[in-house]
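Same chain, two partners: chain A is paired with chain B first, then with chain C.
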Partner chain A sequence: MFKLMRKYPILNYYFTKFFAYFLTIFGALTITFFMFRLIPANPIENWLRSLEAQYSLTIDGGDAMVNSYKEKFGMTGTLWQQYVRYMYNVIFHFDLGPSFINFPRPVSELLAEALPWTMGLLAVSISISWVLGLLVGAVAAWFRDSPVSGTITNISIALSQVPAYLIALFLVLFIGYQWKLLPTRGAFDGQYAIGWNLDFIRSVARHSILPALAIVTVSLAAWILSTRSLVISNLGEDYLLYAEAKGLKSGDIMTKYALRNAMLPQATGLALTMGSMMSGQLLIEHMFVYPGLGQVMGRAIAIFDYNAMMGLIILSVVSVMTASLAVDLLLPVIDPRIRTAIKA
Partner chain B sequence: MWNLMKNCWRTSGKFRFGAVVLVVLVGLALVAPVIYRPIIGNRSPARPGQFQRWLPPSGTHPMGTDGHGRDLLTNYLAGLRTTLYIGFLAGVISTTVGVSVGFYSGYKGGGIDAVLLTITNMLIVIPSYPILVAIAMVTPELTVATMSLILALFAWPFSARMIRAQVMTMKERAYVELAKVSGQGDLAIIFTEMMPNLTPYLLMGFAFSVVGAMVAEVAIEAIGLGPSNIITLGLMINYANGWGVYSMGRFEILLIPVAVLVLIFAAITMINRGMEEYLNPRLQKVTTEK
Partner chain C sequence: MYQHVDSGERLIDIRDLRVWYRTTRGPAKAVDGVNLTINRNEVFGLAGESGCGKSTLAKGILGVIKLPGYFEGGEVDFCRKKSDSTLICEDLLKMSREQVRRMRWRDMAYIPQSAMNVLSPVARIDKQMLDGIFEHTNWSKEKARARMYECMDLVGLDKAVARMYPHELSGGMKQRVAIAAAITLTPDLIIADEPTTALDVNVQQVILQELKEIREKLKLTLIYVTHDMAVHAEMADRMGIMYAGVLMEVAPVVDTFHDPYHPYTEGLISSIPSIGGGRERMMGIPGRAPSPLEYPSGCRFHPRCPKVMAICSEEMPTLKQVGPERYVACHLHDEYTFEERANGGD
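For the complex of A and B:
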């Protein structure tokens, strides 16, 4: 095998990437597992308390009861045994264990229910801001001496590091509360039947505008800036001079030459952003009471639900790493320059 | 460093804007006790029930009082002070750790570098927010220092990775080779040859960590999962939401902390960008000629 890898450097490249993929995921999960277990919290106690509050009764947390729950949640034995058992279940059975927040339903079911909402909201807002960012960024680079372009750039710089939840607060205040244009809580109105009917879909769309707008505002700014600097750094290249000398229209030069060369890094960026969307906007969902992963996280943290929190983090780590692995594997196929670099 | 600042100031309007805003806000935070002493005397701004609740703005309370009977102006200033301080402290801690790891990793190379880089990458992919909230929740008597330490825990890998990349390229430069050949020790090379050239990157990494720590801090406080004994701008946002200031018509109670935070983030980003443009003239629109 090693002989083969020495003969074909590309195999070596793929092997390294796969190895790093599994190693990083495994390491990240291990670190998270121990970090959670070493935090001195008592989820079972918390959970019994929350049951008491919920049903207004007194639960005598006798040893037998606590122990039986400990067993169900995989909290018996030494830390090391717990770790081995947990990782074994996750890796070989894809079993994330039962949740505390919705006992006895498994964590994987809870996540699967919340996932479509998060993915719907984020996939749409990320795509919108990516396309808009690319276009506006390219135009801002092309007309870089005009005052309008300067203003756009400066506003984008100012907004690019502002967290989306601060923008969301403004939107809720003015659009949601003051002018009462759009709803600010939940993902749909309760009065419509859930399913593929027009009323329900319209209600879902209306509820998603404000959270999406908050996300788009900030990420649009970042895409505009990165596209602008990518295109500007292409502007000095010889092939653009050549294109101009050939007498091509400047609009064609901008879209087919300058922007096109900025596409590759931006497509990579899009894949990575999509990967991190699971954890990127948990707070936005929390603020808008959106039934996605952010809700699950808020409830899980409140009573320290190990299993649900680990489940969320696993989901996020795996999707980030998978997106970046996909990019790494595809890049040599798409970009001949990288192929050459690997061979060297 | 002074020269770098002067050059950035001269070349970049963004840098000037950011620097002015930041200096004003930091100045306000520094003189805050002088401003609020006449209003609350020697009491802590966080103590509830000092005045009547919900007083409108007046001469004695320029911004009125809140639902806990505290003077609002005092609380904004105290919040600004703590938020900036936590950001600064967390930035210092994470930059120190990040720079040490980044330098060690990039300079040594080989096996050590591979191990450190792997650990750094593992930490970077873990979404820090749930873990930060969890740690903040169970830490008893959370002080400003422990809060900063917790925030720095997940912030350092980013500066480590950035510094490592810079060190890797700088290691190959002729003047570093020359220093090596002339028999200088590793530490001497790092501190006398490489550090001065990396100053701008250190500053940018520092600014990045400060922003990151403040964003996380506000995110934890704003949804009410942080400590309630330290007044920060995030906690003010949480209180304002909890009191339902919208329905009382007192929008400014929510808008002021949000606007101040947006200003801080914008200012730091502008400073960073200004520095980047000075260092990398290709980002300036004037230097690239078609």
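For the complex of A and C:
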């Protein structure tokens, strides 16, 4: 293995990146675990207190019940024992414990159910805004002296500062409520059977338009602005003058030279946004009653569901880490200079 | 005149070309009234101090002036040989952008000032050499590639370089790539803007030699821009001396060095250190080149001129012919003032 790594330095690079990836996730798990144990509140006591308030808690069975719940939630034994048990379950069984919001369903099941909706919505809307943002940003930079470019830039500056939920609010109000063009609640229409049939897919697509539009509008503006400034700072580069002296078409110069070089930092940016957006769009999902992770998060916080909250945090840590690992693995492919640096 | 038929050996005729830059303090007149004729199959050396406008003139001929730079006026007639060997001369400044774009690389190529930075860092050499060929021809991939290897061979580059990235090459190799790329379509004109300034002296020497051989072999016209008078002495057939946006003197290279007419040319030549001979204090030119925002009145060189006369601050001398091959813009060579001087006047 080591012989092979010495022969192919790229393997060494990938190995290092993977090692760092797992180490970071392990560290994040540990920190998450202890942070939650530091919080004075605990879901079982909360729950008991609410039972007490309803006078439905009997003294006799009380202790036994509390203990059985504590055991189910992994809260017996010393802190160290709890930690080892938790880590063992998470790492080797992907078991995040039972949830409280939907007892006794395991947290991992809840998350697995919500994840595809969030991922689908975010992946589509972020990809659209990234590709569009890069193209529009490059054009805005290329014709930066034209009034159209100025207008695009100014609108983008304004939009990039508007919170996505405000846009969502307007979309719900006008398109959904006033003009009744598109549905605003849920991820699909209940009348269709869930599965790979045309009606269901069409319904999912129709339901996703408004939440996706809210996310796209804001992030598109941000991508336009960052691409524009990256391309403009590239415009002074000699390779663009040279490409022009070669008599290449300006469209080719823009895409093959200016944009290609501005793309490197934007690829990193894409992965990081993908990761951090996972946990981000809570309000959007809430407003559109979208059955994604945001929904789970809202419900978990409301009743202080330890396991679900920890699960969500771990999920978003893992997704940020995975996205940046993907960039690390991809960068040598798109930037030859990194390939050379690895070989050296 | 936008288009006319010419039978002579002219390649480029520049008349009163002005390329200015917009600044907050008014226009910077980098090129401000240049008149110049470049003949077919010659090496024309363009010399002058930094900031005199030689690079801008080179870019102006290519038409790659970018804002805030713009053409204030003038004509750049470019003469192309038709198949029946008549010449068609057209003014590049009056042609559409698209027409000029099609001419670039095919009729006039460019060897840039900083070959270090002109190659895109993320594309292989062959890709960057071939895209120019494919843009202007409909050659097959094999033919274009064969031509590319042929040109790389001319400048002494190994075939393997084609599959490399710019950061894997040395400065000299990148410069060779730039030269090879410029000759792929055997253009009539190559404009080389300080192509060897950033290189080691020994590498510079080799590349100059190669460039010279290639030029003779392919019968190219070369406009060579550099402030380095020694390079001009080695490369050029004729020379133009630029100062403050205008040409001060145009002459065959031998005459420029042995019998310069303009005091500025004299100054430039006396600032070249010579090997051998006694140790002398070097004669430079006192003062600094004027800012293109605000040129001195009259002759732009007069505040620094050792032979300044009263008329120099009042009237700007025009570049005029004073010998069969010689042009100079200086009141010393005004026949009028010359006679006055001979008569013992001022």
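Rule of thumb we're sticking to: the second predicted complex is superposed on the first by the 293 of 344 C-alpha atoms of A that agree within 3 Å, B and C clash if a C-alpha of one lies under 4 Å from a C-alpha of the other, contacts with A are read in each partner's own complex, and residues count from 1 in each chain.
Convention: contacts are C-beta pairs under 8 Å (C-beta built on N, C-alpha and C of every residue); 3 or more make two chains touch, one makes a residue touch a chain.
Treat the numbers as computed from the prediction; the structure is a model and nothing was measured.
A.B. asks: For A:S68, is the partner it touches chain B (first), chain C (second), both, or none of the two (neither)?
C.D. replies: A:S68 contacts neither chain B nor chain C.
A.B. asks: Scan A:L264 for contacts with chain B and chain C and give back first, second, both or neither.
C.D. replies: In the superposition, A:L264 contacts chain C only.
A.B. asks: What is the contact status of A:L166 with respect to chain B (first) and chain C (second): first, second, both, or neither?
C.D. replies: A:L166 sits against chain B, while chain C stays out of touch.
A.B. asks: For A:L241, select first, second, both or neither according to whether it touches chain B, chain C, the two together, or no partner.
C.D. replies: A:L241 contacts both chain B and chain C.
A.B. asks: Who does A:S127 touch here: chain B (first), chain C (second), both, or neither?
C.D. replies: Touch status of A:S127: no partner.
A.B. asks: Determine, under the contact definition given at the top, whether A:D252 touches first (chain B), second (chain C), both, or neither.
C.D. replies: After superposition on chain A, A:D252 lies in contact with chain C alone.
A.B. asks: Would you check which partner chain A:M297 touches, where first means chain B only, second means chain C only, and both and neither mean what they say?
C.D. replies: first
A.B. asks: Name the chain, either chain B or chain C, that contacts more residues of chain A.
C.D. replies: With both complexes superposed on chain A, more residues of chain A are touched by B.
A.B. asks: Is A:D145 contacted by the first partner chain B, the second partner chain C, both or neither?
C.D. replies: A:D145: touches chain B and chain C.
A.B. asks: For A:I334, decide between first (touching chain B), second (touching chain C), both and neither.
C.D. replies: The second partner, chain C, only.
A.B. asks: Determine where on chain A the residues touched by chain B overlap those touched by chain C, and list them.
C.D. replies: Looking at chain A, the two contact sets intersect at 145, 241, 244.
A.B. asks: Which of the residues in chain A come into contact with chain C in the complex?
C.D. replies: Residues of chain A touching chain C: 145, 237-239, 241-249, 252, 256-257, 260-261, 264, 334-337, 340.
A.B. asks: Mind listing the chain A positions that touch chain B in their complex?
C.D. replies: Interface residues on chain A, with respect to chain B: 20, 23-25, 27-28, 31-32, 35-36, 39-41, 144-145, 150, 154, 157-163, 165-166, 169-170, 173, 177-178, 229, 232-233, 235-236, 240-241, 244, 278-279, 282-283, 286-287, 297-298, 300-302, 304, 309, 312-313, 316-317, 320-321.
A.B. asks: How about chain C: which of its residues touch chain A in the complex?
C.D. replies: Residue positions touching the partner: 62, 64, 66-67, 101-106, 109-110, 112-114, 117-124, 131-132, 135-136, 165, 167-168, 181.
A.B. asks: Taking the complex as given, what residues does chain B use to touch chain A?
C.D. replies: Its residues touching chain A are 14, 118-119, 121-123, 125-127, 129-131, 133-135, 137-138, 211, 215, 218-219, 222-223, 225, 237, 246, 251, 254-255, 258, 261-262, 265-266, 268-270, 273, 282-283, 285, 288-290.
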